[in-house]
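Encoded as structure tokens, the structure appears first; notes follow it.
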Amino acid sequence: MSDRNIRLESADKRAVEDQEVEIVERKGIGHPDSISDGIAESVSRALSNLYLDRVGKVLHYNTDETQLVAGTAAPAFGGGEVIEPIYLLIVGRATKEYDGEKIPVDSTALRAAREYLNENIPGLDVGTDIIVDVKLGEGSGDLQDVFGEETQQVPMANDTSFGVGHAPLTETEQIVLEAERALNGAAYGDDHPELGQDIKLMGKREGDVIDVTVAAAMVDKHIEDIDDYVAAVDDVREFVSELATDYTDREVNVEVNTADDYEEGSIYLTTTGTSAEQGDDGSVGRGNRANGLITPNRPMSMEATSGKNPVNHIGKIYNLLSTHIAETVVAEVDGIRDLQVRLLSQIGRPIDEPHVADAKVITDEGVTVADIEDEVVAIVDRELANVTDITRRTIEGELSTF
Amino acid sequence: MSDRNIRLESADKRAVEDQEVEIVERKGIGHPDSISDGIAESVSRALSNLYLDRVGKVLHYNTDETQLVAGTAAPAFGGGEVIEPIYLLIVGRATKEYDGEKIPVDSTALRAAREYLNENIPGLDVGTDIIVDVKLGEGSGDLQDVFGEETQQVPMANDTSFGVGHAPLTETEQIVLEAERALNGAAYGDDHPELGQDIKLMGKREGDVIDVTVAAAMVDKHIEDIDDYVAAVDDVREFVSELATDYTDREVNVEVNTADDYEEGSIYLTTTGTSAEQGDDGSVGRGNRANGLITPNRPMSMEATSGKNPVNHIGKIYNLLSTHIAETVVAEVDGIRDLQVRLLSQIGRPIDEPHVADAKVITDEGVTVADIEDEVVAIVDRELANVTDITRRTIEGELSTF
Amino acid sequence: MSDRNIRLESADKRAVEDQEVEIVERKGIGHPDSISDGIAESVSRALSNLYLDRVGKVLHYNTDETQLVAGTAAPAFGGGEVIEPIYLLIVGRATKEYDGEKIPVDSTALRAAREYLNENIPGLDVGTDIIVDVKLGEGSGDLQDVFGEETQQVPMANDTSFGVGHAPLTETEQIVLEAERALNGAAYGDDHPELGQDIKLMGKREGDVIDVTVAAAMVDKHIEDIDDYVAAVDDVREFVSELATDYTDREVNVEVNTADDYEEGSIYLTTTGTSAEQGDDGSVGRGNRANGLITPNRPMSMEATSGKNPVNHIGKIYNLLSTHIAETVVAEVDGIRDLQVRLLSQIGRPIDEPHVADAKVITDEGVTVADIEDEVVAIVDRELANVTDITRRTIEGELSTF
Amino acid sequence: MSDRNIRLESADKRAVEDQEVEIVERKGIGHPDSISDGIAESVSRALSNLYLDRVGKVLHYNTDETQLVAGTAAPAFGGGEVIEPIYLLIVGRATKEYDGEKIPVDSTALRAAREYLNENIPGLDVGTDIIVDVKLGEGSGDLQDVFGEETQQVPMANDTSFGVGHAPLTETEQIVLEAERALNGAAYGDDHPELGQDIKLMGKREGDVIDVTVAAAMVDKHIEDIDDYVAAVDDVREFVSELATDYTDREVNVEVNTADDYEEGSIYLTTTGTSAEQGDDGSVGRGNRANGLITPNRPMSMEATSGKNPVNHIGKIYNLLSTHIAETVVAEVDGIRDLQVRLLSQIGRPIDEPHVADAKVITDEGVTVADIEDEVVAIVDRELANVTDITRRTIEGELSTF
């Protein structure tokens, strides 16, 4: 056992699953905040790989400040148009020169953004519906040399920050998360081109009744009239209602596009499948946390995980790692009803030695904290030792950040 | 008593003050995220007042997406210089024309930003050290008419969102919050021009030991050499240590600029008093919550409060209101050790009728929830009825959002 | 005969062809200034057609201020790369709403720019090598209603301005103009992919000796080594030398890429075929005049012709029309060695009634001005009466502006 | 006598003063194109001085591509307001690092622009009425080392380009030039705050009748009503009419703001004194030539003189030098009625050895070209030898470029 500062205590409260009121939200991949997250993270991966390819190691960068300025559109049954394009500014720092060689960070960032958009938000014609601009400054001098080369050393924390993770997901969390993934996946999307990518789900549980409110942008060129629209809304409702039964036995009520007013012709129709086309701005780090959810019943980190350098940006690493640790512990150790893992860094210390690693557990009936303590602490210790795995998996695109 | 859906339950956990590990953070007003918040909110106030002045009511707008792109600087003992200016883009929506009259929203936003910077970050020479640009699009058509005129009606929620507030502050929270305010206030600043506005405090309490880590940007023109710098750092440490004793009897250890390495000449010296001058970007909503703190021990809303329209933007209103309710209840009702208030909206419903108002209380020993339930619910009900007070006080600048 | 103020006088000087020293320049279509011109004009055409399509008439706009900010590139034998993208800002005015209908001017402008680049500068990958941004403001209120609808009326001049045209072209002018067109045309380009579009020709004639200096950007992926490069340069020299014999019997010396220094490895190699990739900015109206040339031996207008509204922007119309008139007169009337036509407008007067139309002629030996005066004046009068033909042909893309 | 290629020939035409029709234009310092020129040149001077101050020599830069995007304003009698600010983008190249030292080119450029605006266009509140942004890229690698240090050598031409100058000015040219200077100078401005800086003069002479058309922006806060406006217009007309008598005995008719339509309330009223506030964009190099005028009766260079590096940018140097040579020759040599001097460079040759220096003279009656040839050629030769004086005087702000 290491001498890492790992603490396990009883949470001394009810598990979220057992609390009276629970709120869970997920912004789908086409939400303006998620578009910002997605581009920031795809640019980050592209830069990591560019640096590895060119100089054999990841140089200093951060691209976690993408800003999306909404456009204006005129959606119409059968097909409308974008009037003023969305403007997306990729913001961050990057090392542009190394050993006298210039590194094409700007061009690489633009390419990554374009590819991400083409793949994930196909209704946006990049260059016409959305302008992608880039401002990547040079980083702070002190940080330029932080990343050790060909070394076995664990990097030092670049900041005093913390990450927090939870497991397992509650039923409401699972419904909200999986419903968005399914709606935006081949399972639903292939047969339903009328459903845009901008889907927002809000789950609220009071006791044993779960209300799921879905806001789903419909794509005008696949919707000929109001009947088509109503049918599209109904399809979403049915799909989510059906899907929910896989995750809960509780009563689930699903409402879709509740703000619609058919009589006034006020419906959620878009030309591109995202509300970014019409007035909804977006930013990195304003939407889903690293586990894909916004969970007011659970402590969350304010850190934007997307776009940050995965080598030494401790806010990113610790959010991904604490989530990973929580999931791993729950998978490997029996008797845990709810686990929260927090990792707090101190600037300048090796990232595998957090200032404190603090786990709060709620055990199943008949299990005590003492029963599982050694096992849990050992797993936390082991995963901290493997912290650079998080970096590798992030660069390879295995980990999602929003 | 109204028929508002107000629920009070026992939190069924230990108060944060009594938990084993507590983490609290505050980003000072000169932090790049706080600069973004501060400008977003000052622009919001200026637009509210502009609309009131011109058309007698607040029209649709949101300015909650300010993006700061860091500059480059070359600080030096005795006075350095900014090399590449900071770029700040005010992003949002605003109504630019009403009844045929054009309303100068862009110019007003620029003026508000400039005045805010001049007043709060005096080391930044606006127009040279920082470029302020603006992109305020027209909002979504459906929202343009939401704000009722000369009406007694309570506005409708513009979104499904929630706010969360807490009271009272723990000792650690008070120390972190008050130390930043004092350091950036006349109490300290008048005698210490060498201290910049970019002060970040991280409080960590383990049991009865509180560690406060301060990162404080020093201003180079007031620091002649390394001795001056060391003295400046010592002054901050002493001041915070002293101040902490007003709020706690626990052991408090204060560390300032722990990442410094005097031998390598690596210190936290700036030309302008903010790290935005060198590589640290900033965004609205990435820093402090509405109560001025980042509190991983407590549920937080992801909503950016700063810059949002205070008339009907429910995310803003409910975060400010839930904080206000929690504080009010604790002030008026005896026997509460920890209170959390959550307000969840549903789009289209009057904002004084939340989908659910959910209070979780931890009582002092000898007090039961039943003892105080009626009193608490009555206060929550009363303050919900007065929800538009939050709007008024925000416009008048009485409420802080970060 | 009309009462238009048409004046014909003897130029009372030697024809340019007979002057001792003559200088002629042409910036090829890949020159940064020409890229700006080309995009400005293609955007203009697209907007004219958009307005005609949507509202049946051309509304107020001008797009004559496109600004190109150069990028950074690292060309290399066999294929290099763009490091920092070119930034192109489409600037101008446009009417964005008409009769309550929003008109997609921004999206249309972006699409036109992208199509123009794809077609004319194929080495530039739009969105990666070049960012295209747009700032089209609303025009001045007074001008919004200038363009009469369904009316036979000739528009009023929007400014006090003038245009100037010449005919026929001198031998040197023909060589410079036709050489660029041939090099950038299928005649040469199909077999020579190594030649970029950024070709600049400077012709200088002293007496009967014509020196043609060509600066021709070579495309790195088609140039494997210095020998390839030298061969490419030789091919251009031979081609231009050969082409020149079609236009003159004078001695012609052609030099290509004279600034090259093979020993120092300083050659004109590019990745994209244009110097805009590396440090050469561009603007509308800074390059070729409406006849495709820069001719210091002849009076020129400073007006940017590209991008201006062809309905009533008098600077554009009069430059195109005066060139057209000069060419028409020379084609129809015998005995003219050199003709200059100037048209001066006065703001607010119908554009077919210039303040003065002023022709200066140099006749062939044996011909007097009096011999041809009636004929010339009649043609000028006729073409002024047909002024709206210029508008129509410009919108249809028949007339080149640079 | 040097072996410079200097050629003098008879112009073999009438002097401009003796031609039947003459057109002359000047855009005043508040015209959007002139604002762009003025800022480009003031930034250029600031950078030259910055480099001299920091590294003892002028490094590579060019700032000749400033782009002004017009704003929107709502002028009103007694004082209106800017609705949307003007956006000004300083574009160019600059060396940002030398010998490991970073040089604050961006901040210096911004400061220079702000100071220029404050001094010359006082009605524009920088930061509110006009946003000043900057994009200065690194220059092309090959050019970085062109400027020799502590050397006596004359720089090499950086391009194949030419300059052209004329002397003396005609009466019409003098009137147009001096009227604008006087109107914008203390002579008139101190007593007439209602006159803005955006004054455009068009002079047209037919035979012995000179028409001067003035477009003069009036400043609304100094104009209470239409009577004030009419009086202001009358004052300008009288002033220019009176001033003209100092320069000519010909008949002079002055018209001011001819596009006004009092009945329709269409007048030339502005809030800031420049039409840039409302729809008129501007660019460097689109307005006045180096002698302050646009002269369609005379050959002109298309080169933008403002903003270019005065050390080796041959287009700038040769335009300033040819103008200086023409003026010097006319001042020192009797018997010249009209002189045109052209200087053509060849890339890579020393700038004091033009490819050809070509003077065309029209002599007074009784004087032959042979009479003055030696004297003229000697002066041209002498001034070419002193070419670096042009650089020095430009840096010191003694020479105007527009």
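We call the chains A, B, C and D, going by the order they appear; numbering starts again at 1 in every chain.
As a working rule, a residue touches a chain if its C-beta (ideal position, glycine included) is under 8 Å from a C-beta of that chain, and two chains touch if they have at least 3 such contacts.
Which protein is which chain? UniProt says A, B, C, D = S-adenosylmethionine synthase.
These numbers were taken from a predicted model, which means no experiment stands behind them.
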Graph distance between subunit B (S-adenosylmethionine synthase) and subunit C (S-adenosylmethionine synthase), where chains that touch are linked: 2
Centroid-based (C-alpha) most distant chain relative to subunit D (S-adenosylmethionine synthase): A
Cα-centroid distance, subunit C (S-adenosylmethionine synthase) relative to subunit D (S-adenosylmethionine synthase), in whole angstrom: 24
Inter-centroid spacing, subunit D (S-adenosylmethionine synthase) versus subunit A (S-adenosylmethionine synthase) (mean Cα positions, whole Å): 55
Inter-centroid spacing, subunit C (S-adenosylmethionine synthase) versus subunit A (S-adenosylmethionine synthase) (mean Cα positions, whole Å): 51
Subunit A (S-adenosylmethionine synthase): positions in contact with at least two other chains: 72, 84, 87
Overall pattern in which the protein chains touch one another (line/ring/star/complete/other): ring
Touch relationships between chains, expressed as pairs: A-B, A-C, B-D, C-D
Complex contacts: residues of subunit B (S-adenosylmethionine synthase) adjacent to subunit A (S-adenosylmethionine synthase): 7, 9, 11-14, 20-21, 23, 62, 64-65, 67, 69-72, 84, 87, 89, 91-93, 135, 137-143, 160, 162, 164, 200, 202, 204, 206, 213, 215, 258-259, 266, 275, 278-287, 289, 294, 296-302, 304, 342, 344, 346-348, 355-356, 358
Sites on subunit D (S-adenosylmethionine synthase) touched by subunit B (S-adenosylmethionine synthase) in the complex: 72, 74, 81-85, 87, 96, 102-104, 106-107, 110-111, 114, 126-129, 131-134
